[in-house]
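The next part holds the structures, each set out as structure tokens.
Two complexes come next, and they have one chain in common, subunit A, joined by subunit B in the first and subunit C in the second.
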Partner chain A sequence: MISPSKDELVTITLNGVEVEVPNGINAVEAAALHGHEVPHYCYHPKLSVAGNCRMCLVEMGTPMRDRATGEAILEEDGRAKIGWVPKPVIGCATNVSEGMHLRTESDLVNECREGIMEFLLVNHPLDCPICDQAGECRLQEFATDYGRGYSRYVERKNVKPKRTRLGPRVTLDDERCILCSRCIRFSQEVAKDDVLGFVDRGSFSTLTCFPGKELSNNYSLNTVDICPVGALTSTDFRFKMRVWFLKETNSICSESSAGCNTTVSSREGIIQRITPRRNDLVNDTWMTDSGRELYKSVRAENRILRPSAGGKDLPLKDAISQVVDSLSGKRIAVVASCHSTVEEQVLTKRLIDSTNARTFLRGHFGEDDGILLSADRSPNLRGALVTGLIDQYPEDNLNSLNDALSRGEFDAVFVMNEDLVASGINEENLQNVTVVYLGTHSNSSSKHADVILPGLSVFEKGGSFINRSFIIQAFDKSVPGPAGLQSQVTVLAEIIKHLSEEDGTPSELDDIWGLVNNLEGSVLSSLLYSEVKKAVVQLDGSAWSHLNFVEQSALHYPPAMLAAK
Partner chain B sequence: MAKTVVLERKPLSLSERTYLPQIVTGLKTTFSNMFKPKVTLQYPEERPVIPNDYRGVPTLVKDPNGREKCVSCQLCEFVCPPKAIRITPGSVPEDQEDREHVEKAPQEFEINMLRCIYCGYCQEVCPEEAIFLQEQYSSSGYSREEMINNKQKLYELGGTLPDRHYKWDRKKQAELDGNAH
Partner chain C sequence: MSEQSPKERRIILKHTDDPAYSNRISSYLGVGGYENLKKAFGMKPEEVAEEVLKSGVRGRGGAGFPAGMKWKFLDRKSGKPIYLICNADESEPGTFKDRQIMYKDPHQLIEGMMIAAYAIGAKQAFIYIRAEFHEGARILNRAIDEAKAGGYCGENILGSEYSCDLVVHRGAGAYICGEETGLIESLEGKRPNPRIKPPYFPAVLGLYQCPTIVNNVETLCNVRHIVEMGGEEFSKIGKPNNTGTRIWCVSGQVMKPGYYEFECGALTLGQMIFDVCGGLRPGRTLKAVIPGGSSAKVLRADERFSGSLKDGTAFDWGLEDIPLDFDGPMAAGSMSGSGGIIVMDDTVDIVEAMANINAFYAHESCGQCTPCREGSLWMRKITQRMCSGGAREEDADLLLSVANQIEGRTICAFGEAAAWPTQSFVTKFKDDFIKKATDSQEERNPKSLQLI
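Showing the complex of A and B:
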């Protein structure tokens, strides 16, 4: 299929009104741009066009021309005569071109939709009270728009298997499937793991895995998201909560430097699920299955819920003053984190500068899957570079700190999030220094720590991350943190306030951005937090282009603008 | 300031001064009621007759086959104005023969009778006809916890009501009749 450049605009007549749309987009998208919804099931903007649901039927026509002379044929009143295609065409496979006429709201189109809906509902079970998709179901929505409200079908409905296991995370309800094939196309085109297909004919048609295979790739739950009905359900979220109770917050996945845009759904402060949010520059409409499970860490057993010192719980204020006592005037090593937000890193930098401490930072690297799980398994390594915490690309260990500790160069170690022993620090080296741990979950660092300061997880605070393409993305607080806990920026600001003479270290995100804007020569200096919160902001990462980033090319990486150079 | 008006009180007439006509009128009402039929009840020994469609304590009912009808769709929880209902959804294991084709049922179902305002929205919204406000009107307890009806209590109160649909039986019949694919 030749697809013309989409930058160029063409004029089409949509429901009698002349509008401008990008050349070559299809009728569904063109109508959506001007506020006309064309219902569809099988069409998905990020997948190839299959055209098998027939729900997006629209009327299409072009101005008539005389075959002999090529001149436009006019109506009696002088307007161009439109040659309407005698039967409706599917909008998803109809690309717009100059002068095209489209009708998406005519009587014929409405009749088509009603007819298609009646056929789709013939064998569809009356499962809405049970179905997890209810409330966000396209079939349910269009049934209210184009359904007839009663059934003319007097025969018995089909009975099909209700809980087929397609993979470790996906359960199929065969009765609900409308055979749109989105999941099949997703597996072939995006996940590149071709395991799904239809078998049998007519009303026996069934979605199934190829023999000996299962839908077990790390993107399998995206098929649940794109399923327009409740046929594919997430085994984890199945029957857990109705979607209309969920409060949705925009968040950023902290699994890797890909920085997938996500929606965190919670009810009464408990996260129920994480779903991807569309961002055409970062993750399209996809995310990994492993990223969706991160919410489980919020209520994990090893979560640190109270500040403590020497094994005894104490109020946060006392814990902070203990930290200040043990750090002031000492030779300090600060283990910063690439899991911290940009704002936390800015304050960490301030803490380091005001105490003349040395910075150590560990990178977390793994396998790159070439889609949305990048080799850099931390959300904000670029942030550490941008905020000036580090200028070299970090190693996946803290051996340099271990060497320095064995030489006795430090009296105290201030650790954020990092697991010291797992990062290559010898346990004996930790005996002679004061260890302060600021983190969310207990690990070897908290075991050796003299003072433990609890922090908030990424779901319980706001902030921003800089992803692998140097795109800075802000996220909101999804759920309240455990009772009595303060965010890392508040704790850091409090420590800095006591340790240094400089006053006015802010603890509110907006104020920290005031601090960020004052950083001279930083790529963040001309940026406002309100801008970051509103839209995706591409930073200039050219200053770091000499570094050997571990990420391999993947979905939207390197970004189109850099790849073109 | 408003102007004060002094009103002259009319002097009482002779019959008014004796109070006798007023006493007689009052006694007439008393005696006439003594011979009318009684309208009061000796509650709690005597109980009133509850009319049909009375909105008493909300209860969960079972179908005549003894299966629970609620599928924990949580619509009643959603519609409940005082947020008295709280449901923990759960799934039904596949191998239960008497509950074939049923996938979902409440793990726990709580109605807080201190919050309930007996509006009947839950009964109205229920797509499975599983929750009914029945004739019981008096509920009392010694503690707040006692006033929260759990799933077991709700089924005890609800009992069994006739069913017009037999949804699951019809589905089983369709399967047996060769519509199983």
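Showing the complex of A and C:
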């Protein structure tokens, strides 16, 4: 398709009012910019235009020109004469140009919408009371706006399959499908896994998987998100919860350095699902299926719920005193983490500096899927660089710590999050040192730890991560942590307070940002936390451009907006 | 085979029904075949296209768009290869003309296509033939082999620099494969879902997103005759804006149904039915005529049509006075479409006829866009119910309203094709629809339905 430059502005007349809009955007977007919603189903800003639902029909006209001379034809009052297209046109495939006239609110347009709504409902099962989409369903919404309120349809409805397993995570109800083809286009264009299609024709058209194939790619649940109706459902979330009971919190996916923007939906402190949130600079409107599963770790069996020392539970205050006792004046190795937030990393750095400890940090690397699962399987390795925790690119192990331990260079190891044995530490080497573990789940580190300090999961605290493109993104606390637990920054601040002579280590995020801003020469020093919370902030990552980052193609995953430029 | 009517002027079908004429190349060469290809190759491609423009020949596939004009819309700046496609999907109910040409005189089509290909500079040409025409595909393939052997098609045509391969592609067995962008999708190996226009105008973004010309079989055959006569001469056949001959396919309750080729405007609908086709069966009277394939709006026998033609002349016609050309049926509020004239006498149950047509469109809708997909099946269900003893008085208005919600709001012209019959049947024969309801009520006498 021809897409003219979208930077220049053109003047169009929208419902009789002259407005400015970027040249070449479609009528749906143009109208939205000026507060006029054009209802639509098949159009999705991140997919190709199919133009099949016909819900977005609008009236369009352009200034008339004389065929022979090419000159504009004028009305008697000197204004350009508008040639209105005799039939309504679809807004999603109508790109604005200078002087275009659009009517998104008129009798004809309303009549079209009412007609389409009626057609969409005649064979629809109307099973909202048992449908997961109810409450966030475009069909329900526009039926309220443009529905007739009664049915003229007395014939039998078509019958189609009610529960087709499309893949391990997606279940399809064909009777609800309005055949918008969004899911098909997503599979072809974004997931690059062309497995969905329609069989049969006319009103009997039925969405299905190609024979012998299934919708099992790691992006399959995005089809559920973009399905405007309740046809595609998440097998995990199906029949679990009415969506209007859900509390929604803005979050950032911690699965990899992609940093997908997410919405965490919870009810009464229990997370029910994670869905992607639109960010045109990071993840468009997509996220991985695997990232959506992460909430399950919150209530996993191996979650650490209480501080302990020597196998005995004890109050957090006492546990911290024990840690202070066992670390003070010792030769300490601190295993920092690229799963920690920027704020935690700032305090970790402070702990290291005030105790003359040495820093170790492990990277977590895997396969790069070229889309939104990047090879760096941690959310905040860039944070470790920016906060000065490390200046070298880490290895995917802690071998150097193991060697140092073999040589007896340390008395104590303070571990954040990492699993020491899985990172290459010889168990024997842990016998003669004190191990303190600050983490959320038990692993080999907690097994060998003398003192265990529980932490909060990413869903139970606020903070920020710096993603693979050096974009810093803040997230909020979605649900409360287990009773009695404190966030990592609180625990770290407490330890630092007792270990060092330094006063005033803050434990509130805003105050930690006060520290951050004092870091000299840091790319963070001019930032305010309130800014980070509000918007996408691109940091200057040039100081680290010499490093060999593991993200390959995914490092440059072009969200549609950037790709278009 | 139709018995030739004495008043016919056969240009396209000149030889088809001659018992001595076969569909082999020897027969074709015997009547001057491929001489016009040679003539065209002696001209510049633009000159050939210019002759076609001058001839005024309009498309015979349904919409009647001037072929020469269509060729001018080709996007030549893109530098992409240009394709020529012959639309041989002929599936409009009531239409059976292209089949005659392909089965009986395939070389005429091949010659027409190679001239057209040369004129537009096509890199490759296709004949997209209706799936059910097994024999037609076999005949065309054999003819193409013969033409290639004679140097009339394929590599270095007539020893020139110009090469253009011609391939027969069997259709996918659906009416919508005849809609040109659906056809293109199908030719690409996909479901024949018609494309949205804009931006996918075939002349700019057609087959494989390259500039493409789609023309009907009869249209492309005419190209051969245009070269033979010259555009100027050709345009003298028929009437201004309605040049050349047309092959009319008459079906329904006439004594001699069949295909008849006439100069445009040379006769009226009445002459066609009563003279050429031998009139109605004994004792019957005319009830309705669909003049251009089932998609065209029906005409009622006792209707009057008045207004003024494009050139300003006023007209006041009965059904029988409608001239058979492009503009006549159009002026009467319908269209000549694909030339399929369907005649219905007084024994026809109009609601049954409507139900039959609706069943076709509900079955053939590709299902892509909402109004056509849902509306066509809804209309089918209503008329089916009406014919099964369940008619209600309000059904007529409901049908009309459903059809109005389809027309002009769909991706392709199938929407109109499905809506026009209903709109015209219901408005023009409302009494028949109401009567169905009254009859239904009598039939529904509860006593007769009691279980015993």
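The definition used in the following text is that the second predicted complex is superposed on the first by the 550 of 565 C-alpha atoms of A that agree within 3 Å, B and C clash if a C-alpha of one lies under 4 Å from a C-alpha of the other, contacts with A are read in each partner's own complex, and residues count from 1 in each chain.
What we mean here is this: a contact is a pair of C-beta atoms (placed from the backbone, for glycine too) under 8 Å apart; a residue touches a chain by one contact, two chains touch by 3 or more.
Fair warning: this is a prediction, and the values are worked out from it, not measured in the lab.
Once the two complexes are laid over each other on the shared chain, residue contacts for A:F204 go to subunit B and to subunit C alike.
In the superposition on chain A, contact of A:I90 is made with subunit C only, not with subunit B. Looking at the shared chain after the overlay, A:Y153 reaches subunit C, while subunit B stays out of its contact range. Counting the residues of subunit A touched by each of subunit B and subunit C gives the higher count for C. With both structures placed on the common chain, the touch criterion links A:S525 to neither subunit B nor subunit C. In the overlay built on the shared chain, the residue A:I130 is in contact with subunit B alone; subunit C does not reach it. In the superposition on chain A, A:R163 makes contact with subunit B only, while subunit C stays out of contact range. Using the contact criterion defined above for the overlaid structures, shared-chain residue A:N302 touches neither subunit B nor subunit C, since it reaches no partner.
Contacts of A:R54 after superposition: subunit C is touched, whereas subunit B is not reached. Subunit A uses residues 156, 158, 203-204 to touch subunit B in one structure and subunit C in the other.
Residue ranges of subunit A in contact with subunit C, taken from their complex: 1-2, 49-55, 57, 86-88, 90, 93, 112, 115-116, 118-120, 122-123, 152-153, 155-156, 158, 178-179, 197-198, 200-205. Taken together, the subunit A residues at the contact with subunit B in this complex read 126, 128-130, 134, 156-160, 162-163, 174, 203-204, 206, 238-242, 244-245.
If you check the complex, the residues on subunit C that touch subunit A are 174, 176, 191, 196, 198-199, 362-371, 373-378, 381-382, 385, 398, 401, 405, 408-411. Listing the residues of subunit B that touch subunit A in their complex gives 71-75, 77-78, 89-91, 94, 101, 103-104, 127-128, 167, 171, 173-175, 177, 179-181.
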